[in-house]
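Notes follow once the structure below has been shown.
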């Protein structure tokens, strides 16, 4: 569902909201107590905070663009088991910066990218499909998925997990890609009902693998529920 | 809820759907990339895939019948934290076979058994109860629960977990059974809000324990919500 | 939502129900099989059981009062990933006692305290906020959170977790408190979409920190959903 219009919020820490029950905030001077408890390097005086109930892939790919575009680093990515009763994750992403304006900018870029990165997320009451692609992975994708920095990188996500297995096999067969990782309910996810396949390679090959998996995924998820599988925003891959 | 009629799906990999947002599929020749990522022995050229949003016990007991009836092995059982906002699990089960027809047959048997194994699943908005019984446990039950192969085996599941504790105590007292295992939110489940008690013994004793627990469970879960507790299909124990 | 009226339940083990899909029960003589499987000291012949679909903080703070008021001990606290599709936990709490009347009394006190401890729980479709405070922590809070026994102790909980980060920073800055712990989706929670900050100190300081965090939290959670954030019962802090 599209993000609801934000209520008036005059806190200086508030940055904005976005699709997926996503909120962005910033702390100019992190309290020393919190720095220690979070285990974050104290050189990051300021942190940017992006969190969501629904989605992790869209936010991590969006954060990757933020890292490229700003003077900030991704210092933490955690995946809750969430999606508001659905089969997947929610997320918590922290950016560290020495200056609050950099942290704020990282949050702003992330929020603005979400409209795009939700483009290949398809949901129904029975489950969801997610596809993401970048021509050049940066440090957020490296931290979250071990993506090789600077290379084309893609992911396929299917829920229930059984469909994700099929997406992975389809992607692996559709073009010459290299597997980066494979996560399933008991390994590498937060017990979500998903299989996540991650891969890199030639830019065209990565896209081709994703497109093949997307086509198969829609057919399979469609067998579980009659609801039409439409993009959450606008497909970009 | 009963499974919705499957949409038209002409993929050769698609086998069928069933109750519990369950889907069954088959891969004739698993891609080498995927074989490696999943950590599955390459001798299983073909895999059968069964996954669901709702339920794990019904699927594991169904898979146990499939293993008995076909030339396949259960190579992976993973329990997501799911049930579509409910208190329990979803599941991912993989069968390995050297021939695709065997993998397909294992999936077909599992899907067809689910109508029975959902027979002693009782749900309300407040939680659920599940009871399963087999006169002779095979390799799926051994893999998932450590059930002694060839013996009568039963499980009681209660959600919220507090009710599961009471089911376990009731089952333990009702007849002479041997405890096989006990899983709770923080130990042995995927943080589900369930207590699962597993036990073996004389066939009559195992059934008697289950019946006593079922009677107590319905009374307790009934205190949390006025919805009547009816079988998801038809009771079989 | 307020607890629904309990159905008639004549089982002697049943004690009562309460807000949060909470049920309380008692076992007078725990079966030896179960004692062993649960890993509970056999000197606790009787156990009191409190479990809920929604909430963990309210139940743990309520259990803390029960431990102070009765001749029982908290022998187990486990947090399921639950809240019926929401972002947080459910819980399972076991009291041990040598006499069934003590176990029953502990459960009764816990259930009766919940009306108060849900007082600073605020929920909307987008997430929730929770605040708890005690002037003197006892053994349930020590077991669950490592609270220093005998000292004032408070917690702030925000979901989605991003909001919880901001609550923690606000609480840390608002008064001179000492951090006891910090839990996030991947560390110290059951993959819930929460950040939980726990702290002790002077009684007035702990309350002041909570009040400041509560004020900030309502403004932030309000940006995600237009639903008014009202107390589940009556605020007590």
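The chains carry the letters A, B and C, assigned in the order they are written, with residues numbered from 1 in each.
Methods note: a residue touches a chain if its C-beta (ideal position, glycine included) is under 8 Å from a C-beta of that chain, and two chains touch if they have at least 3 such contacts.
No experiment lies behind these values; they were computed from the predicted model shown.
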Taking chains as nodes and touches as edges, what kind of graph is this: line, ring, star, complete or other? complete
For copies chain B and chain C, work out whether under half or over half of the interface numbers are shared, and give different or same accordingly. different
Nearest 5 degrees, what's the C-alpha rotation angle taking chain A to chain C? 120
Whole-Å distance, chain B centre to chain C centre, using C-alpha means? 31
Hey, what residues on chain C touch two or more of the other chains? 81, 84-85, 190-191
In their shared complex, chain C is touched by residues of chain A numbered 3-7, 9-11, 13-14, 17, 21, 23-25, 27, 30-31, 33-34, 36-38, 47, 49-53, 78-82, 84-85, 90-92, 94, 190-191
Spell out the part of chain A that touches chain B in their complex, as residue ranges. 81, 84-87, 125-127, 160-163, 165-166, 168-169, 172-173, 177-179, 181-182, 184-187, 189-195, 197, 199, 216, 219-220, 222-226
